[in-house]
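Next come two complexes, and both contain chain A; in the first it sits with chain B, in the second with chain C.
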Partner chain A sequence: MGVTCVSQMPVAEGKSVQQTVELLTRKLEMLGAEKQGTFCVDCETYHTAASTLGSQGQAGKLMYVMHNSEYPLSCFALFENGPCLVADTNFDVLMVKLKGFFQSAKASKIETRGTRYQYCDFLVKVGTVTMGPSARGISVEVEYGPCVVASDCWSLLLEFLQSFLGSHTPGAPAVFGSRHDAVYSPADTMVQYMELFNKIRKQQQVIETRKPNQ
Partner chain B sequence: MEAPPVTMMPVTGGTINMMEYLLQGSVLDHSLESLIHRLRGLCDNMEPETFVDHEMVFLLKGQQASPFVLRARRSLDRTGAPWHLRYLGQPEMGDKNRHALVRNCVDIATSENLTDFLMEMGFRMDHEFVARGHLFRKGIMKIVVYKVFRILVPGNTENTEALSLSYLVELSVVAPAGQDVVSDDMRNFAEQLKPLVHLEKIDPKRLM
Partner chain C sequence: MSGVRAVRISIESACEKQVQEVGLDGTETYLQPLSMSQNLARLAQRIDFSQGSGSEEEEAAGAEGDAQDWAGAGSSADQDDEEGLVKFQPSLWPWDSVRNNLRSALTEMCVLYDVLSIVRDKKFMTLDPVSQDALPPKQNPQTLQLISKKKSLAGAAQILLKGAERLTKSVTENQENKLQRDFNSELLRLRQHWKLRKVGDKILGDLSYRSAGSLFPHHGTFEVIKNTDIDLDKKIPEDYCPLDVQIPSDLEGSAYIRVSIQKQAPDIGDLGTVNLFKRPLPKSKPGSPHWQTKLEAAQNVLLCKEIFAQLSREAVQIKSQIPHIVVKNQIISQPFPSLQLSISLCHSSNDKKSPKSTTEKQSPEDHLYVLEHNLHLLIREFHKQTLSSIMMPHPASAPFGHKRMRLSGPQAFDKNEINSIQSSEGLLEKIIKQAKHIFLRSRTAATIDSLASRIEDPQIQAHWSNINDVYESSVKVLITSQGYEQICKSIQLQLNIGVEQIRVVHRDGRVITLSHEGQELQDFLLSQMSQHQVHAVQQLAKVMGWQVLSFSNHVGLGPVESIGNASAITVASPNGDYAISVRNGPESGSKIMVQFPRNQCKDLPKSDVLQDSKWNHLRGPFKEVQWNKMEGRNFVYKMELLMSALSPCLL
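So, the complex of A and B:
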């Protein structure tokens, strides 16, 4: 996998999530990008069951189990600021066996679905982030296929991002910063999605607490 | 807490339950060559395969009486091979006529940071060992003849000592739940290895 940047596109003023996604995809099509199927990235959250906490004496940790349609036979499991395990899909079966120790927070299953666009060496995925039935935001993933070292191609990626995201272009992802010359891997993309999903979950909570004041 | 017992149901929650059928026995070191010779004749024609594996057993203790056990295994002689994580359920009790030990198993290939990840989940390593031996196949049956080595200094797989003067012989099949005919085939194969080695259904609980 090439170096990838995952970011959030804020919803345009006065428009819905779907309309903003349409604006973005139209821009991409005008640039000359070709539609190439769909994609889906999902994330389930597990937390250590109360029964295990007592004997371990540590605060409950959140574990994220994610899937990416780009790697259909894999499953990614990660802790925030912790290691990211890449495993095959039997890991989901193991999580069922671990039901007594790790409880799934069913309500917080979050996913992003959308279209894949190929533009020369760039693969762009624009997705609608949903939690249950409601759309919560927009994710934009851009991968530059030929390069696997982040520091070598960040400026090129940035230029491309600016061409269709304009003022909403993100800064360099945190995963790039930690290891300058390390080979980029799919686990780094999943960490970026986890951070994006967490940000979106928090944003929605902010909106919900404002409502009573209106 | 162990997972709820897996019965004859082949599918639970959308995934197929895989069961491991197992027969075990052992041979003294001096009988190894004749056993290998017979296995080479009986099993599928392939280059003799040897292996050196390092296995670590992790436990997750909860408030329940029995901890959750996971086995992490990696190859010491094949670079680039993925790590292997294995869950084995309790042996299914029931049919006394069933010739092999049957237990639910889940096999997962993972990246190299498996041990760090398991520690983060709350697992703690209970014990580790090195297994060195030979691998044979006959159809879906797998036959392994290996010696267990104790690791003297935790984490150091170079410095090991043999646990006994014998080799462990295991005949196993991983198949979807409900296919008991597999154990008949295993028994028939085991008959052909007598009297060099007697492969039996050994209930781990009886040893404790």
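So, the complex of A and C:
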């Protein structure tokens, strides 16, 4: 478990998502990374049920239940700004039992699938973010294995990202800022993914609202 | 009684009235007799009202009669008072009993008198003495005692015999009970060894290893049935047992896992045709009943099936460089390139129709019992692991599995960490590793032994360590010369035989790793033996006082050896006159040259360079020694002789 940075790669001009992914992977292979299989990160959204809100009148909180193929036996559950729970896969069964309290939002399943590359100590995952049948974006995740403290290796990560992302290199993720001297944990990766998915969802909504205008 | 004069008996009471007191002058004062009412009262008191009314009448009548005067009653007490007597109620008359007694006495006397009188006449009755048995003649007192003793002894003997009979009867009954074990006691014995349960009206048992941790899906149930095919008329046979067990049909017979290593490459036509030889059944304990042997054999068959199923599952799933072949009841794998390991399940049923398992391609000696035993041990270990506390979940609702695996979810383990927890080695891999090690070890031993028998000089000794591992053994190899063990002991090798390699640690600190090829070890040992000779010369020189001029383990001169390198040494005699140069190679053998001083060589070219004659004392040319013609039983001995021959004795 090392420090991970998740970022979004914008789709190149005039090209489709797939072609951009192909460009990236070719760059990585030229760099010398070796393909090591595939990965998948998915996310489902749940509302807190209206019955539990009662007289408080709060807006229902959104809960995200995520899985990561890197941690095949674990299940992550997180609130937006709240805690992240790491559990084993029986948690999914538990969610079925908690149907009364958490209702799944419609058409909420979003996932990213792609290939996994190993380049010495770096683990690079380039995936296509899909919501339903359509691809919505590209996610890039880079993990530097040996280090567990974010602040120590952020510059190295940045340099590596620059080498193949070029100008699309992201800034430091928010999770780094909050606890950059603490040990990095898989839950932080999932928080980054959640933020990425939310961003993509918002982009999608913006596009959809724009479309009728055009 | 007729015609006999009546006897008058007169009875009168002593006095009418009772005397109350006698005065001083002799006058008597009489008690007043009871008046009628007083008498009545007295008598009434004596009435028992609980009795019947008849007695009451009698009493009442008797009370009236008693009211009369005594005297009147007494005077009429005559012989012909029988009628008068009848008038009175006899029960209350006070003289009644006396009268009766007297009367009976009279009767008796009369009878006696009559009898005697008749007997006196001897006409109608005579007195005859009672006939007695003639007394036996007076016996000897001893005979009498003998007879009496005999009788008493006979009586005692009878009692003892009766007692003995009773005892023997009870003993035989006990024995009969033991032999004639009944169903319930036998069932109790069965229960002490096997788990039984009652289902409906059937008694089923469990002979699988499920309770010991096995996960094999075979049910392993046997049925207990009552043995009723006994003819009560005939004698009960010796091995009769009222209980019989019925084992599942696929567990009948006996089975074992045959593990063997062969050198030839597998012939495709041979696959799956492992000829089973019927291993003689392991002798059961002498006292164990037949159901015990039957059940144990069935359990063994089940265990062998489980072992083979596990092995074949792993053989198919696990990827290895050379894939394993699974054919019918045989698994073939190649631990080393020219080696074939075959594991087969040999299950022979009890029916007699196949006794002809004589044509065998593999001889029984091929079978490695050690590996079969280890397979049994490994599967039992696997069973125990499933029951161990690492596997048993706490709390009880948690899923089964290794303790750390349960934590892998909440702690987000990635694939590397998960792989490290899961035991990566299966049964097949373990047994293949063990087979490899056994093969390497046996081949190492064979190599050393063949060298030892083939080469006499130097000698090779092997000291095998007693304590070995399934994957590692070690042996210490010493190369010595006979007679010079204390001097020439510089070649000592410690061989650690592993699974695929042999690691050699030399005495001088070098560590060499040899592969599984047999030739490597042999070549290495040969080269060490050749080096030993040269080392021996070095040690000998020290002892003999010779000076070592040069010494090299691996000379670069001379013909190239195919095995190892040649070594060489040059030693000079104590006074410097002679020098011996030895070159020994594993293939080329030994070459010994002696350097003589110049003045001993005749055919030296004269030259102007040497002006002084003192230079003639220096050593000059070399001459080769015909080593095979040298005296001595081994190299070092010969060398010692040579050295002593070249050192002049100082006399």
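Here, the second predicted complex is superposed on the first by the 210 of 214 C-alpha atoms of A that agree within 3 Å, B and C clash if a C-alpha of one lies under 4 Å from a C-alpha of the other, contacts with A are read in each partner's own complex, and residues count from 1 in each chain.
The working rule: a residue touches a chain if its C-beta (ideal position, glycine included) is under 8 Å from a C-beta of that chain, and two chains touch if they have at least 3 such contacts.
None of these values were measured; they are calculated from a predicted model.
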After the alignment on chain A, I want to confirm one thing: do chain B and chain C clash, or do they fit together?
fit
Partner touching more residues of chain A, chain B vs chain C, is chain B
Once the shared chain is lined up, is A:Met1 touching chain B (first), chain C (second), both, or neither of them?
second
Inter-centroid angle chain B-chain A-chain C after superposition on A [Cα, multiple of 10°]
40
If we overlay the two complexes on their shared chain A, which of chain B and chain C does A:Lys61 touch? Say first, second, both or neither.
first
Would you check which partner chain A:Asp88 touches, where first means chain B only, second means chain C only, and both and neither mean what they say?
both
I'd like to know which partner A:Leu98 touches here: chain B for first, chain C for second, both or neither.
first
Regarding the shared-chain residue A:Ala49, is it in contact with chain B (first), chain C (second), both, or neither?
first
Between chain B and chain C, whom does A:Pro72 touch in the aligned arrangement: first, second, both, or neither?
second
Taking the superposition as given, tell me the minimum C-alpha spacing from chain B to chain C, whole angstrom.
5
Shared chain A footprint, chain B vs chain C, residue numbers 86-88, 90, 187
For a test of understanding, state which residues of chain C touch chain A in their complex under the given definition.
399, 405-406, 408-415, 418
In the complex, chain B residues that touch chain A:
1, 3, 12-13, 15, 60-64, 68, 85, 87, 89, 106-111, 113-114, 116-117, 120-122
Residue set of chain A touching chain B in the complex reads 48-49, 51-52, 54-56, 58, 61, 63, 77, 79, 82-88, 90-94, 96-102, 187
Flag every residue of chain A that touches chain C in the complex, lowest number first.
1, 70-76, 86-90, 185-187
